[in-house]
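Structures incoming, each one as structure tokens.
In what follows, chain A forms one complex with chain B and a second complex with chain C.
Take a look at the complex of A and B:
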């Protein structure tokens, strides 16, 4: 059968989201909105120490407090995350003999409501014998001051890689520089905190788990395995999720305790994090050091990079993936970004500490690697007194080099690296900028421009959401001709109910409002990998296209039979099937569906009854790279140390767009998070191991007045995969911090400032400018 | 501390006779006693603005307000914005401009913007940004929210696509 030339009506259109009406009217239901008869609530007693031996607990007062139904410790619920041998260490879901970070859950108090649970939790007395905390990752590598886990080395992940010929190339280069880049802990801060609820189903004996997660099937598998239950005894339902950003891709200790309690008490049980708990116990991110040496030539060409990557993974490897490993291992493979730097040598050390476990936050490795990569280019440019844009041009991968194999062996598919930068330079009027800059400097005003040309590996075989390199769609044309499709994605605001419906509506030939996308219920969705690692668009969208196309073929076959025409002459669209050129010979899809289900004798021989199928899509390439360029213009006030972002442009290439409105929303949001990452957000630990930023008055998020108007332009270099789609959920946060702090370096060039940290605070700026006046 | 007291609470034009503990937050009473779960709790520290409701037309943090403080006052939640089936022009504009993603901040954002437009029908972009600066949105980067509010304000000076 010939493939009809598709004239997509919905793919690529700026259509309004089908999710919006329920969200705008307060009718959406998030996790804490689930309220079941007899539901109990949990409050956790958490460790006030970064490191201490538990020498005793007095819990009788807790047990006899009003409304309390159960008080649980590790003795009741002796479950370790990471029972497997991967890291020799598994976090107990409730602390066992020793606590290893402030906020670690120690006792779970189950009561009739949250007020009672918290009242009772305050009565718990836990005796601790404090131990010296391990807080510095450089020392931790040397097992100093001690081991976090007495039986395991502090270094839980070590890896080395060298491009062949590195040593000679590095030694022979005429110029060298060294720099250390440091990122401070940040975290996703979803506006909806984490939460879990569980309800034993008395009829079936199964457990229904409501989870605010990005990975419905993954958390089902984790819970089944950790609790020792058959997977088909657990149903995971994901209600509306108020943001994820990677942080909700983990399975947390609290999830296991809630489900365990529901089973053993035979009652529905819920726990929702408060904001202090969130900042203490949601996975942290970005606790990395890169010690870099660079070899380069007089013309600005970069020959080789040596990097010692270190990440503080916190007290335990987060389950089921450690953010420290994710941040460093992928950073080491894409450290050269869009530049054709031929040699690289990397050493990775991930260490334990007495801090919160490190997990994923949007971009994971990317914002760090881009910050290092662009910081290297800017340092090379400044040392040679060359234009930073020119040094980027000299090193940029050229269009004729795709597919490009980078120094770490990663294969890049085609992108628009140089073109995106030139376009962004044009949009921000770079040509005239240096003139403006010196005129302002003469008035004592410090403006700077930062350029960040980013690469974003998307649609990878494994991501923080799960190790599933494919996605599945169950699609059904209902007997009335309406279309229902179920997927295993875990959207947290990305609008999949709209974008996936756009793709399917085009293929099946129905209107957008006739398609309903189901997600977030492991009973209805085929096995899927969830949402993370910018996989939902390219892999999930690809699966939606394949499912829609297979359904289309089924409808065409049926229509051809009934209309007595050749299959290649059948056209589908607007809810109709007709014979090309003979619009009178037509049937509605509703009529076709009715026949497919009820007048089944009219179905052509060999065709299955009904209109239902499951389609799976696995991209042939193991990764597809999106790319783009961010340029920030900032003004730095040397007196107050405050940075104002005055202009911001993004040229983005994520292949073919499903819905430009949604893509632009993702970019705006990522840039705002980038402003937070660059200037505001910092999880600060005291020398005693206490987290000092446990409210949103201490951990600062970007507000509407902090974020400038952002100019966006799209370039389209299609992927080789279905629909030419590439992922794009993380690129904006990958690109933004590097552009923003690069602009600060440029603005403060008269003070010889080269930013070496994320975030840059007003105190940093004041210190730099006063030290160098 | 935990004994309940009677309370007459007027929400979205309807008066409810309920019993509350004096320490119960307005946000908790709205959500868990009246089932108005469109009011979202994001921090319980007054920092994020997700729980914003209108009290006598003024945006307030319902997580920093005890329910017993607002007896006799008019409370408006997101559920009280729409009349019947139709979205308000502001809600329509939020959808048309893609001013929401996960939707968690949206009710608070809508109520803050409603109060702003009530007081200042034609605000500038800077004024809109200042007015919503107490409402944190982690998804949108604010630009489309600002556009959506300006489009309803009918401010011709601004680019609203």
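Take a look at the complex of A and C:
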């Protein structure tokens, strides 16, 4: 290939998203916009108890209510998630004899519209005999007050790991400290709630499932397996998806019931979650405790960390990805972050409770581990009266140590750890800050800075979206020279139609607007692993590069034959192929395509007819680490307990960028969610097991006015994979909470505050400040 | 999250509205709908009939006659924030109005709806009590006038009968200027705590919201010394039945009273922008 071919025109450019016009003008079609003739709608009767035995149901009034077509219970639809039996516990898609969390679906009411379905659902009488709920994970480990599932231990996942030599190193270190870190239940709160619709096709016998999901092929496989149908009888179409954040990577009970109902009623059926159902039943996340002990030296060097990781997994392992396992097992492997801490010892316990199942939420383990890791560093610095930046420098993995094997055996590829921190410190003017800080303190104003240096494992072999380590792209140059590509990714707003088109346009030598990216239809897309775990850029993008390159080679071969030149001399670009240095000897890609499909006698011998191919890409490394540094400057009002984020910088390294505009948008969103995690969002259960935050007036999300201007800079340490791309979908939310609450600790240092929880509320601040004056 | 079925009628006169309310016992007035519609969607309330009063022109005026400010019950929160004469003569109302929800909510929500709804964390019930306003109410028997101090009975509860309509609020020109302060978790949220304070020189009144089940105008001494004032706020607070009593709630109540007092002493543009009094919570 020639020099010119290697110089990308679109990759790395600040290209505006092709998705935005339709999204911003309200033209996008979401799941709830799907309205098929004769479509029925479902309302679920949900459990009002955290745990109770079902002793009877009276459903006659429901069945005879206006517009009702069917009333379903477990007897009708006896399907268990986890039939594969990984956890000895299978969640029934409708409660079977017992309910185990508030909001668990018990009865499905199928009616002509949602209003009638809700009117009828109100008439259901379910008799319950309440049982004592299991609500505290520390007690649950001891099987107290009882087992959530009588036949299974409350601890459904237990794992231990110790670096060789840990005990001696820990014991011999001159200094030790202990701390407990607590994160609080959150959920993704996508703008568009969950939803599923299903349409049986009597002619073909196939079922079309419309799903608001991140994993089109995975949900197709799950539904086929759970319902016992051949996979090729199910077509999944994913319409526009208004946010997923990991929460839409699961297959939920409602999905199965909707499809089951459509098949048995022979009618299209739809269910769309309302906001209360979302807060009750979308997978929750981040319900974790870390009991930590740290051994360190007088110079701030950290020697060893011992951590008991606990996560409250809720009533069932979310299917087919338990967030509790994901959060703890990965956290335990990356707990040392960007620091060369040689020894760790971890014990993991994931427990059942009578709460909503725990699943994935953007960053999964990351925001928790970063919060713990940076909290440890800040505690070490405070205890030694050292500058927190200096303690980070002392412990940081150096560039000459890559590839670096961490204390848990994870291999880090090259990154810019120290450099990202130094650059971020410069951007926020760290040196001057300390002077400003003390001047303001003298006036009774409390400013603080929090530093969060994060690592982000991306492009892993498996993620919440599935366990497929590769991605596939089907690509076709149409007879008119336009390019259509299809992939099995499940974008939920990330802009894949733009980024993947950028990569393909460069390779095939056409303009960006000539490329259309299709996704989210299992009939047209090659098998793929969906979107999650920051895999779409590096793995999906890698596949786009490989497919584009293969197509380019075909076009070059064809052009060389027709223009009677050597393949090495053919250049492609702007929809043209020409002989290097002789621009007059040229053909348009349209002309080439026409020949490839219609004047096939002119195709060189051995070359296939047409311009269509499927290519797959699996990175050689099983993971590639992005990295970066977030620094937050906050002001805490000790009188009201409110925290204002006054300054925020991000230095991000995700390898080679496909589109900086999109990367920055991802960072802005992650920081906004980080502000929610740090100060606002919390799903609170009462002592009776009721979820008390069932509307957005109780579950507080950050608003536009809570999010400051964010300064962003990029560093580029390419991965060894295709295009040098690393993932970056989660890093911003991994880094942000630690920076934000670290800044609160710094601001309130005069009150000896070290934040040990997410989120920090005004009540907490008032408590800390008034307790110490 | 769909409301139960209901009938709907739009009226153009108070008399029509009152007649409909009298004849259909489960009927409810809908004004801005910013409190009622969410309650209906949660099925926490299920009126048989909605009487839409938005077409009643007579309820949409703000009149300042030099002694009384009269605000029709259908006047929107944002109209109060923007009203030139209110900004001039009752600036505390303009300042308080900006703390109600967000712009879209203020453009629809009405003062009459807010008073009838009687959320103890709302600005208007406390404002009317603090300013010693009178509330005009019309029912089948005609108009009656209720002092704000007697209008509110507790959580979401007033002396309003099911067939009565709030028609207007009458507010006397205050001898002393009031100050206002509020804290909420986020911009536009209901208050965690808020206060109106009137300083009559050495003594005065504080009216909190978000603290007890209804607003009460409490007399207090107002010494110059800040520590002594803190004592005074605490004493005043002691006279109230505090909801969800906690250390931080008491702490915030005292802070807001103090900020409201400081606000009352600001001049001109500063008063309206509230900068020195803490400004909008962020």
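Criterion: the second predicted complex is superposed on the first by the 768 of 773 C-alpha atoms of A that agree within 3 Å, B and C clash if a C-alpha of one lies under 4 Å from a C-alpha of the other, contacts with A are read in each partner's own complex, and residues count from 1 in each chain.
The rule is short, and it goes like this: a contact is a pair of C-beta atoms (placed from the backbone, for glycine too) under 8 Å apart; a residue touches a chain by one contact, two chains touch by 3 or more.
Since this is a predicted model, take the numbers as computed values, not measurements.
One of chain B and chain C touches more residues of chain A, and that partner is B. Contacts of A:30 after superposition: chain B is touched, whereas chain C is not reached.
Within the superposed three-chain model, A:770 lies in touch with chain C and out of touch with chain B [touch as defined at top]. By the touch criterion stated above, A:644 is placed in contact with chain C alone, chain B being left untouched.
Touch criterion met: A:275 reaches chain B and chain C at once.
After overlaying the two complexes on the shared chain, residue contacts for A:762 are found with chain C alone; chain B is out of touch.
Once the two complexes are laid over each other on the shared chain, residue contacts for A:601 go to neither chain B nor chain C.
Shared-chain residue A:115: touches chain B and chain C both. In the superposition on chain A, contact is made by A:705 with both chain B and chain C. Looking at the shared chain after the overlay, A:492 reaches chain B, while chain C stays out of its contact range. Put simply, chain A uses residues 115, 274-276, 695, 697, 702-703, 705 to touch chain B in one complex and chain C in the other. Looking at the complex, you find that chain C touches chain A at residues 1-2, 4-5, 42-43, 183, 185-190, 192, 246-248, 251-252, 255, 278, 281-282. Looking at the complex, you find that chain B touches chain A at residues 2, 21, 23-24, 31-32, 36-45, 47-48, 50, 77-79, 81-82, 87, 91, 94-96, 98, 100-107, 110, 128-130, 132-146. Within the complex, the chain A residues that touch chain B are 16-17, 19-21, 23-30, 32-33, 35, 66, 115, 188-193, 240-243, 245, 274-276, 492-495, 661-662, 664-665, 667-673, 695-697, 701-705, 707, 709-710.
Residues of chain A that touch chain C in their complex: 114-115, 118-119, 122, 274-277, 639-642, 644, 680, 695, 697, 700, 702-703, 705-706, 762-763, 766-767, 770.
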